[in-house]
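Down below are the structures I want you to see.
In the two assemblies presented below, subunit A is common to both, partnered first by subunit B and then by subunit C.
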Partner chain A sequence: MRAWLRNPWGQPRALVVVTGGYILWSLVPVVIAIMFAFNAGRSRTTWQGFSFRWFTGPVGVFHDPALQGALKHTLFLAVICVAVATPLGVTLALGLQRWRGHGAGTVNTVMLLPLVTPEIVMGVALLLLFLKVFPGLGLGTVPQAIGQVTFTLSYVVVIVRGRLVSIGREYEEAAADLGAPPHDQILRVVLPLLAPAIIASAAVVFALSIDDFVVTQYLAGGASTTTVSMLLYATARGAPTPALNAIATVALVITLATLSLAFFVYKRFAGGGDAAVAAAMEI
Partner chain B sequence: MSDHELRGDELRGEVKIEELTKAFGEVVAVDGIDLHMPPGEFFTMLGPSGCGKTTTLRMIAGFERPTSGRILLDGVDVAHVPPHKRNVNTVFQSYALFPHLDVAGNVAFGLKYRRLSKDESKTRVADALELVQLGGFARRKPGQLSGGQQQRVALARALVLTPRVLLLDEPLGALDARLRKGLQVELKTLQAELGITFVFVTHDQEEALTMSDRVAVMNGGRVEQAGSPREVYEEPSTEFVADFLGVSNLLSGTAATDGNGNCALKVGERTFRAMQGAVSTRGEAKAMIRPERIVVEQHDTPGDNRLPGLVERAVFLGNSFELHVRVVGGDVLKAFMPNDGTAMPAAEGAAVTLHLPAEALRVLAPSPAPSEHAPEQTAEPVVSSD
Partner chain C sequence: MRSRWTWKALSAPGVIWLSVFFLVAFYAVIAVAFGNEDTYSAPIPYWNPLDWNVGYMLDVLQDIWNRGQYFTVFVRTFEFVAIALGLSLLIGYPVAYYAARHVHGRWRGLVLLCLILPFWINYLMRMLAWINLLSPDGWATKFLHYTGIDQIFISLGLLANEGGWLDGQPVTVILALVYGYVPFLILPLYASLDRIDQRQIEAARDLGAGPFSAFRRVTLPLSMPGILAGCVLIALPMFGDYYTPDLVSASPKTNIIGNQIDQLTRQGSEKVTGAALTLVLSAAMLVLMIYYLRTTRSAGQEAAEA
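Up next, the complex of A and B:
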């Protein structure tokens, strides 16, 4: 065994074993959860045969109004969040890249704070904000959207800035040199070059929004503003059926599909090689 | 404007730089320089990295705002005009071709701001691509082109706008030696054909000498000397210029008059007559001589301006030998001996006599005093010689 592990010329087997072990450990629960979404019986622990009943049956995801409502609300929030956070984040990234001198460093740090702030702190803070400072708004969809935009914005800024740094200022200078006024330098050169990063960050925002629980839960305003993750949390403690696994599976598929799309787009059009972005996409 | 063909107006494209200074915080990159780039000339700024040549070019292009001074383009001060409003175009060191556009899209980029009809701009793009011999490449993306082809696209993209002045920032730097040589000739031919003023930046002295009508040798943010390639090579006025433009030998000594209007430089025990350069210098002085002007003679050949030495190294260069000769007094002088079959190549360890002809020995003026703009900047940047 030791001799087999110590293999200086071939692939580093010890590392392969550790990596493989981790992947197995992290995937097995997910695979089991998905598997039981297709269970023919009501059990979430005993396999009773394969069926689509928890998806298409009378009490399945596609018919249960509570599950359906949660899915719709989740997707609605995600779309709003992408539509607001992406353009705002791109603008901020461009602004921060151009901002030199006093205050630039501070703003930079502040932009990254949401990435390291525990989400629970953020959730509580936002809740207080909406209860005490803007009580007129109430709780519900609007605060949920604002809350999600608040923390997903940083991801957009990080991804887009990474790309901005790697493309540098020279293309803008070339555009200016050829006669393009400042807004055309952005529209005709910078934005097309940023497109992969913008699409990737939109997908990351979408996935983050779908997965978010803490902030969304704090700012929820009743049954109509329940998201999939909230529903999962609530029913997991009640009387769960494989319908729960089914909805989790749907959420997972949507998230994975979005992230794969983002990864593909970025790889395809940015030529890869952007460590910062790759790291951000892993989050 | 005569925008209808790829030909600059020959009477225009004059750049005059007056007292131009650029400071980045504490660092003075360009220190009050004056330059005159006559219309239709191939003008080169030559110097080591950090000498201020690229910063000067970027100020002419408009990417940097001068701290003070004027940049006159055909008599109009453009120092504070943004780059997109200047009728100068740049070929960037890394070309900066837009990767999301194909070759034709790149070349057509600037034509959008010229209010041309679709047909007209198509014709001009095609003409520009023909000019740089890339006729069949219109639909390629920059990533599918070789370095030399990208360089031509960058050139076409700038020339299609018929700029009065074309700025080139070390455009051949990224290419291999063979390709460089070919493109040097092409660039020079193109410039002569189009009659556009080219302002070229390089650190390669050979490139500067072979291509330019006029060369400004820069060092430490200042212009050391400006003149024709022959002038700066054969009549360098400072030690830096002599050293930067090829190999040179320096003799330090005390200058006096020889009674005939020439300089008698006393180096150790010997006195050399020098007929070139600042011959009226008195006191501490330096004189230089190019290795190709030193005549290697048999040991103990009598005559003036001669000194004996031992060959320390003899490097075979193919068409010539480079001899490193340690002369009396301890200095090493370099001399080139043509490999013409007649001369006996001096072997290492052989005793020879070096003849430094008075008409090839040049007395150097001391380097210009530190400028009055930055009196605190007394320490001259260290110059590495090769």
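Up next, the complex of A and C:
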């Protein structure tokens, strides 16, 4: 204490308090929200004992048709989004990494734009696109998936390109020297080296898709295309039962489990968790 | 020569995708904003710039010029975002500083995990958590009442009545924005503080600077790019936000520009005016977007050269 009084800037006790306080402030409300998913009563604000009724009961996540539908639709969109955005992003990253000269700079800027465009601008743009350019598609699942792919694509490119930079061109050049044609260099040398980054970006796309709200809401068409995020938005201030906390908890567990799995795969195969943390920082 | 084509061909699907669903989509906003409405007030886009009808855009710009409703909303948006940015920096900078400079060993991983976690918790779930806590019989409301903090807010004119945190209070919206976006500020701040060469600070200390002066004259200027990048990174989504005010206030008194656009385009049938307003917002954001892209690109080039 005396040392601190003599030199309050040398010892970061004030910083410890601020940081500790921040971490509690940022996480405890969510922990409480998860806790109330297990409330025995109908309240989201008064604790009435522990129960699984909002998960397994008749109006719980696993039985209520509306909740179940939202959860299934969310996961369906996430799977589609991963299946489309990952290959698109990987090929774009490979191409952009090597493509020199005319057009490369423009494509690079356009690729980064979705990362910094306010989501509502993308939401309005895609809504008008599907209303006025592709009116035959209508709104709903297909436009939702397309919208999510459009803004998750850039994340894949950024992650994969980071890995491409760190593995360098030596392996590829060695393959070329040994007579491998370009497609063999990509398929048999570069892709296996990229595998950890591809898995990491697939997990990131999956998580982004599950958590996405704006684009998904703008392109929704009717109750069957409601996702967990949309349900949270629509009913957080209305119908108050802990079932809402329960469905948010289920989505959170799925997201975090996917990301942890990808993190460990990345750490195991790409050498060190620092690269994974760096990749997370990049975003 | 053939291999050069390989790379272009590999890029092609992604380039086509972004062209159609990003560039053409954005052009659709322009075509609608400079288009017209049919008798059922559905938008009719004018794709050819020679046909453009500037009437709707002029109405929006005139309203802003004459300090009409859109002007009020724009000013409110800037106020909310500016205050939220200031508070976010006040919270985020010390946290990032502490994590980057004073946490070592295995604690570092744990602290970083705690700082990254909010990133991957659904934004709406984080808002839901606060809606429950701040409802009239919620735990936070009770705590704030028990400690007398709500009385301080009431006497400062920031809160209308006890337990009324969620009935359209600007202070709740601003604090919710801070809560929502501060994790996204901390990570770039952390990255820039972590990159600072410790020896530069030691040199300042060796030359006689006190710890505070070393911070003010070495650490702070060196972390300035991170501060600016982080602020831009969270200002952009704040400007496009509509769900935070909807969820924690749901009152027209706290409408920001995102709410206005959302009401005109998604919920309402004035899509032409909504598109015009979207263009005005995009133009205002363009400077921030270009700044961010330029700084990240030059940082990327430095990393590639190193």
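Some observations on this one:
Keep in mind that, in the parts below, the second predicted complex is superposed on the first by the 254 of 283 C-alpha atoms of A that agree within 3 Å, B and C clash if a C-alpha of one lies under 4 Å from a C-alpha of the other, contacts with A are read in each partner's own complex, and residues count from 1 in each chain.
One rule holds for everything that comes next: contacts are C-beta pairs under 8 Å (C-beta built on N, C-alpha and C of every residue); 3 or more make two chains touch, one makes a residue touch a chain.
Remember, predicted model here, so these are calculated numbers, not experimental data.
Once the two complexes are overlaid through subunit A, subunit B and subunit C fit side by side, free of any clash as defined at the top of the document.
Looking at the shared chain after the overlay, A:63 reaches neither subunit B nor subunit C. In the superposition on chain A, A:44 contacts subunit C only, with no contact to subunit B. By the touch criterion stated above, A:13 is placed in contact with neither subunit B nor subunit C. After overlaying the two complexes on the shared chain, residue contacts for A:189 are found with subunit B alone; subunit C is out of touch.
When subunit A is checked against subunit B and against subunit C, the one touching more of its residues turns out to be C. The vertex angle at subunit A, taken between the C-alpha centres of subunit B and subunit C once both structures are aligned on chain A, is 100 degrees to the nearest 10. Shared-chain residue A:72: touches no atom of subunit B or subunit C. In the superposition on chain A, A:268 contacts neither subunit B nor subunit C. Across the superposed structures, the minimum distance from subunit B to subunit C, using CA atoms, reads 10 Å.
According to the touch criterion, the shared surface of subunit A, contacted by subunit B in one complex and subunit C in the other, consists of residues 182. Considering their complex, residues 7, 9-10, 12, 14-16, 18-19, 22-23, 25-27, 29-30, 32-33, 36, 44-46, 88-89, 91-92, 94-99, 107-114, 116-129, 131-133, 146-147, 149-150, 153, 157, 165, 182-183, 186, 207, 210-211, 213-214, 217-218, 228-229, 232-233, 236-237, 244-245, 248, 251-252, 255-256, 259, 273, 277, 280-281 of subunit A touch subunit C.
The residues of subunit B lying in touch with subunit A in their complex are 61-63, 82-85, 88-90, 92, 94, 96-100, 109-110, 112-114, 157-158, 161. Residues 170-171, 173-182, 185, 188-189, 192-193, 195 of subunit A are the ones that touch subunit B when the two sit in their complex. In the complex of the two chains, the subunit C residues touching subunit A come out as 2-4, 6-15, 17-19, 21-26, 28-29, 31-32, 43, 45, 91, 94-95, 97-99, 101-102, 109, 111-112, 114-133, 135, 137-140, 166, 179, 182-183, 187-188, 190-191, 210-212, 215, 232-233, 236-237, 239-243, 246-247, 250, 258, 261-262, 265-266, 271, 274-275, 278, 281-282, 285, 288-289, 292-293, 296-297, 303-304.
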